[in-house]
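First the structure, which I've put down as C-alpha cells, then a few questions once you've had a look.
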Amino acid sequence: MKTRTEKIRETAKRLLSEGKVDVVLGYRAGTIPLRTAPYFARTVEEAENLIWNSHCRINLANFLPRRQERVAVTAKGCDARNIVNHIIENQIRRDQVYIIGVPCEGMVDLDLVLEKESRPIQEVIESNGQLTLKGPDFSTSLDKAEVLRQNCLTCAHRNPTVYDELAVDQVPELEGVDRYADLKELLAKSDADRYAYFQELVKDCIRCYACRDACPLCYCQVCFVDEAMPQWLGKSIDPADVMTYHLLRAFHCAGRCTDCGACESACPMGIKVRQFTRLLEKDVKELYGYEAGLSLEAKPPLTVYRPDDPQEFIK
Amino acid sequence: MTEEQKKTEEFEPKIIAFLCNWCSYGGADLAGVSRLQYPPNIRVIRIPCTGRMSPKFILQAFRRGADGVWVSGCHPGDCHYIAGNLYARRKFTLLNNLLHSVGLEPGRLHFSWVSSAEGEKFATVAKEVIAAVKAAGPNSRFVKSRIEVA
Amino acid sequence: MAEMILKKSDLAEFVKSLLSDYQVLAPVKDGRHVNFAPVEDGEFLLDFQNTFLSPKHLFFPQSEKMFEFSTDKAGEGAFILKEVEKNPQPRVIFGLRPCDAKAFQILDKIFRNDQYADPYWFNKREATVLIGLGCNHPCPTCFCTSVNCGPFHEEGLDALAFDLGDRLLLRPLTEKGRKVLDQAKGLKPADDQAGEKAAALKDEAEKAITSKVFTDQIARRSVMELFEAAHWDRVHESCLNCGTCTYVCPTCHCFDIQDEVAGIVGDRVRNWDTCMSWLFTMHGSGHNPRPGKKERVRQRFMHKFKYIPIKRDGEIGCVGCGRCINLCPVNIDVRDVVRDMNA
Amino acid sequence: MQNPYKPYPVRIDKITVETEDKNLRTFKLVFLNPEDEKAFAYTPGQFAELSLAGYGEIPIGIASSPTEKGYLLFTVNKVGSVTTALHNMKEGDVMGVRGPLGNSYPLKELEGRNVVIIAGGFAVTTLRSTITWMLDPAHRDKYGQIIFIYGARTPGMLLYEEEWSAWQKRDDIEAYITVDREFPGWSGMVGFVPAVTEQVGPSPENASALVCGPPIMIKFTQPVLEKLGFSEDQIIMSLENRMKCGIGICGRCNVGPEYVCKDGPVFTLAQLNRLPKEY
C-alpha cells in the first residue's frame, strides 16, 4: 500500500503537469525533527518535496484567502472544513481550489512530546503507531496515541467532508467521544474558580498573536488589536488587556471554528487557547445544531436566526 | 444590617446601557416623560439597533470600569430593520454564555427587550438591573487598572 | 585574580555569600520551561540546554514604565511627564549561556549610539554581574560558532563557569566579575588539571556544533543586491507574521511606546514590538513602507545579518541560540535563510 | 544619565488654523522652563516628538527657524489619534516636546551655492524653517540665488501665506507659488509642481535642490530635476517614516541600515538610491 506521502506527491505531480492547478499547497519536511512547514509546490520537481506525517499541525486553509491562482490543498478533516468556511465567506472560489482530502489519524502535540523527552532529539521515526525519538545517546519510544493533540483525540470529523479526491481511503471516525467532558466539569465550578482558571490559563501570554495568525478564520485586513481609534485594548502586558484579546479573538471564531488546533499548536508558550473557542463551539452546536465547515449549503449560525431561538436570559 | 449588606447599600454602581434608538431609547424617554422614578446609576449610549452591538463594546465597558452593562432593544418582530435584533439575539446568547463561562459574576450583564411604548417596563427593568449590579458589588473582573509593570 | 574552583556541593554557600549585596538569579524549572528566577541557595539547574525565553527581559522587560503623569487638570503639573524612580537592585545572574551574554553585548551597542544612550537598558545592565555557564552539550539547533560566538564564548560576560562534573571552574573576565568572586565564599584556587579539563570541554563542545552557516558573501554584497535577491519570494510564503521569533530572540530589541491611562493617572510604557506586525511601519496616512509578508520577513533577516553589521562594526545581530528555529510554528529556519542570503 | 525620552514641558501659546479644510493647524509652543529653550538648540530640517500625555508622541518637523526666538512652530495635519487629540487642545494647554531630533538640511555645505527649494502641500514645514533661516540678515550673504517653488491643491490649502507673500515682494528670493488648477480670485501660477519647476528651469550650476512633498510630487519632480541637469548628489530630500523613539534605537523607521529618525530625515538622492525603497 502506498503511503500518504507517496499518494500526495503523485496527485500533486498529476495536477501540476496537467495544468489543473498553479500551485499545490502541502507540507515539506521540517529542518528539525517533529516539525513540518507549509510548502508551495509549483513544479513537478517541487512536488517531490511534499510529505505527510504526524506533525502537519498548521492548518493550510490559512494560506488561501486573497489568493488569485488555482490552488490544490492537501487537507485533513479540519483543514477541509476550514476551506469550506472560506468558500462560504467568499475568501476563495470553489472552482479555484482543488481539495486533496487526507483522512487523518491525528497530529502529535509537540509540547507533549517534549515534555516526555526533553533531551535534544535528532531524529524521529514513525511506524505502526509508535514514535521513536533518537538522540546522540538515547532512543525513546512513545505511543502516538499518548501524545496526540487533545483536539485530535476528540476529533469528530477525521475524514474531509468536502473534497475533490481522497489521497487514501477513509479512516474510521472516532466513536463515543465526549468532546466537552472537561468543559462540563469546568462549568460546574463557581464563577470565581472559573475566573481564576482562565486568568491562570493566559498568564504567560506574550501577545505574539501566533494563535490569531495561525488561525484560518483570522483574515481581517485590520484586526481589532491593531485598531487605534478607538483602541480596544492596550498593548502592554496587562491581565485585563490579555484577557480582552483572548475573549474577542475567540468570539470572532464563534460558529466558524472547526477546532483544528492550529492556534494551540502555534502558541510558543503552550497556552491552551482552545479553551476559549471550544466554549463557543460547544454552545453553537448545542443551541443551533451547527458544526462549521461540514457543508457548502448550510448557513453559518450567526448569519441566520429562528424566531424561536432561545432567549431565557433576556428580560 | 451586616457589613456585607452595608457595603451593597452604600455602593452606587456605574452601569452602561446600550439602548436601541427605535425602541428602548424611546422607552427610556417615555419613562422620563412619565416621571417614572429609577435610580441614577445608568449611563445611556444610544445605538442604531441591537444588531449594531459588538462584543467589543461590552468588553470595553467592563475594561474601563463599568460595574454592569445592560443592552436593550426592540421586541423580536418589532425591529426597525426587520431582523437586526434577531441576529443580535444569537450573538448575545453566545457572548453572555462566554463571559459567564470565563468568570463574569451573575448580575453584571443584562439584556432586555423594551419597546418605546413600555416606559413602565423600562423603569422596572432599570430597577432590576441596578439592584442586581448592586448585589454583585463593585466589579473587579475584566477591569483594567493602572498598569503594573516594572 | 586567577581561576577558581567551586565544588557543586558548595553552590549554596557560594550563593548565600552573595545575597548580602546582590540578588542572585539562576536557571530554575518554571512549569514546563527553564527560566531565570531569584535563588537563595544551590537549588537551581546546571544541566539545562538553555532558558526557554531569552533573558533579555531582565534588562528590557516586555513592558516597562518610562514615565508617569497626571491628567487631572485641577492638580499641579498635569500632563507633564515625571521620571519613574528606578533604582535597580544589584544582581548576579548565574548560569547564563554564552550566546545570551553575547547578545547583551550586541544590545549594548544598539542601546547606545554616538548621541544617545538608553537609560532603561543601562540602569539594569550596569547593576548586573553576569556569570556565564559554558555549554558542554550544545543542542542540534545551536549554530553560535558560525556567528562570532561559541559554546564558551566570553564576550559580554563578567565571569565564565566550566562544568567539570562535580565542580565548576570559574574564570573571572572583568573587574566586576573579579569583585564578585572575591566576595564569594566556597571558592578555592584552581589547579592545572582543572584548566586542562576546561580547555578540553571547550574544544569538544565546539566540535559538537555541526550546524554551520557562512556570512562572508553577505558581508561582501551590497544592501541592494541582498535586498533584491529572488529567494525572498519564497521564504515568506509560509510565514504567519506572528511575533514569536522576535519575542524569543535574544537580540531583537524593537519597541513601541504607549501611553496607558487609568482614571487621572497615566504611564508612558514601552513594550516589545515586532517587525512582523503590519502596524509596525504603518503611516498615519495609510501608506505602509513594508506592506506585505515578504517585506516584513526580509526586514528581520536583513536587519540581523546586514544592517546591524553595517551600523555596529561588523557585529552580526544573531548569536545562533536557535530559539527561533525551535519555536517558529511554520519551521522557518534562520540557517536556511542565511544560506540563501550567502549563496 | 540624561534621559533622551523625556520631553520638555511646553505651553501652547497660539493655534492658527492654516488651511480651508481646517485639518492643518500651526501650534506655537513656548517652553515652560526658559533654560529648556537653550537646551533645545536646533537647525532647520530637524524634527521633534510632540508628546501628549495620555495619547503618545508624534514626530513632526520643526516649522520655525532658530532665528525666531522664544517659541517653536509645528504645523500638524489631523490624521491619527495623537494628532486628533492635539487638534482638540486649546491655547494655554500644557504638552511636551522632545528633541531636537534627526539631522538637518546641510546648511553649511550649501554655503556659497544657489539653492532651489521645492515643496508640495504641507511638507513645506521644515522648508519654511530653512528659508526663514537663510533670509535672516546674518545668513543671507552666505548663499547665492534662492528659488522657492511651492504648490498645493487649492489656494486655501497653501500654508504660511503671510510668509510667502512677503517673500514674493523681496528681491533676494524668487518665490513661485502655484495651485493645481484655476480658482476664482487666484491670480498666481497654475500647474503641478513638477511642471512649474520645468517652467522656472533653475540652473544646476553650483546649485542644490531641497525637495519635500508627497510621494507623487517627488516621483514626477525628480525626473524634471534630472533633465535640468541636477545630479543625484545635488538633490536633497527629507523622508518620513513611522517613528517612536526618535533616537535611532527602537527600529521601526529603518530604511535599510539607516534610521530615518537619527541618520535622517534628510538624505541626498545619491544616498537614497543605495537604499531599499521602504519609505
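First chain written, first letter: the chains are A, B, C and D, and each begins at residue 1.
One rule holds for everything that comes next: a residue touches a chain if its C-beta (ideal position, glycine included) is under 8 Å from a C-beta of that chain, and two chains touch if they have at least 3 such contacts.
On a predicted model such as this, the values are computed, not experimentally measured, just so you know.
Visitor: Could you let me know which interface, B-C or A-B, is made of more C-beta pairs in contact?
Guide: Between A-B and B-C, the larger count of C-beta pairs in contact belongs to A-B.
Visitor: By C-alpha centroid distance to the whole-protein centroid, which chain wins?
Guide: C
Visitor: Using CA atom averages as chain centres, what separation in Å is found between chain A and chain B?
Guide: About 36 Å separates the centre of chain A from that of chain B.
Visitor: So how far apart, in whole Å, are chain B and chain C when each is placed at the average of its C-alpha atoms?
Guide: The separation of the two C-alpha centroids amounts to 48 Å.
Visitor: How many angstrom lie between the CA centroids of chain A and chain D, rounded to a whole number?
Guide: 50
Visitor: Would you please write down the residue numbers of chain A that are in contact with two or more other chains?
Guide: If we look for residues of chain A contacting two or more partner chains, we find 234, 236-238.
Visitor: Could you check chain C for residues that touch two or more other chains and list them?
Guide: Chain C, residues with two or more chain partners: 63, 256, 258, 260, 269.
Visitor: Going by the touch rule set out above, which residues of chain D reach two or more other chains?
Guide: As it turns out, chain D has residues touching two or more other chains at 80.
Visitor: Go ahead and list every pair of chains that touch.
Guide: A-B, A-C, A-D, B-C, C-D
Visitor: What part of chain B is in contact with chain C in the complex they form?
Guide: Interface residues on the chain B side: 144-147, 149-150.
Visitor: Which residues, counting only chain C, touch chain B once they are in their complex?
Guide: On the chain C side, the touching residues are 61, 63-65, 260, 262-263, 265, 267, 269.
Visitor: Which positions of chain D touch chain C when the two form their complex?
Guide: 1-7, 9, 32, 51-58, 79-80, 83, 93-96, 215, 240-242, 244-245, 247-252, 254-257, 262, 274-279
Visitor: Flag every residue of chain C that touches chain D in the complex, lowest number first.
Guide: Of all residues in chain C, those touching chain D are 66-67, 69, 71, 78-81, 83, 110-111, 113, 115-119, 122-123, 222-224, 227, 253-259, 261, 266, 268, 273, 275, 280-285, 287, 289-290, 295, 299, 302-303, 306-308, 310-311.
Visitor: Okay, in this complex, where on chain C does chain A touch?
Guide: Touch residues, chain C against chain A: 32, 49, 62-63, 137, 139-141, 234, 237-238, 240-244, 246-248, 256, 258, 260, 269, 271-272, 274, 277-279, 325-327, 329-333, 335-336.
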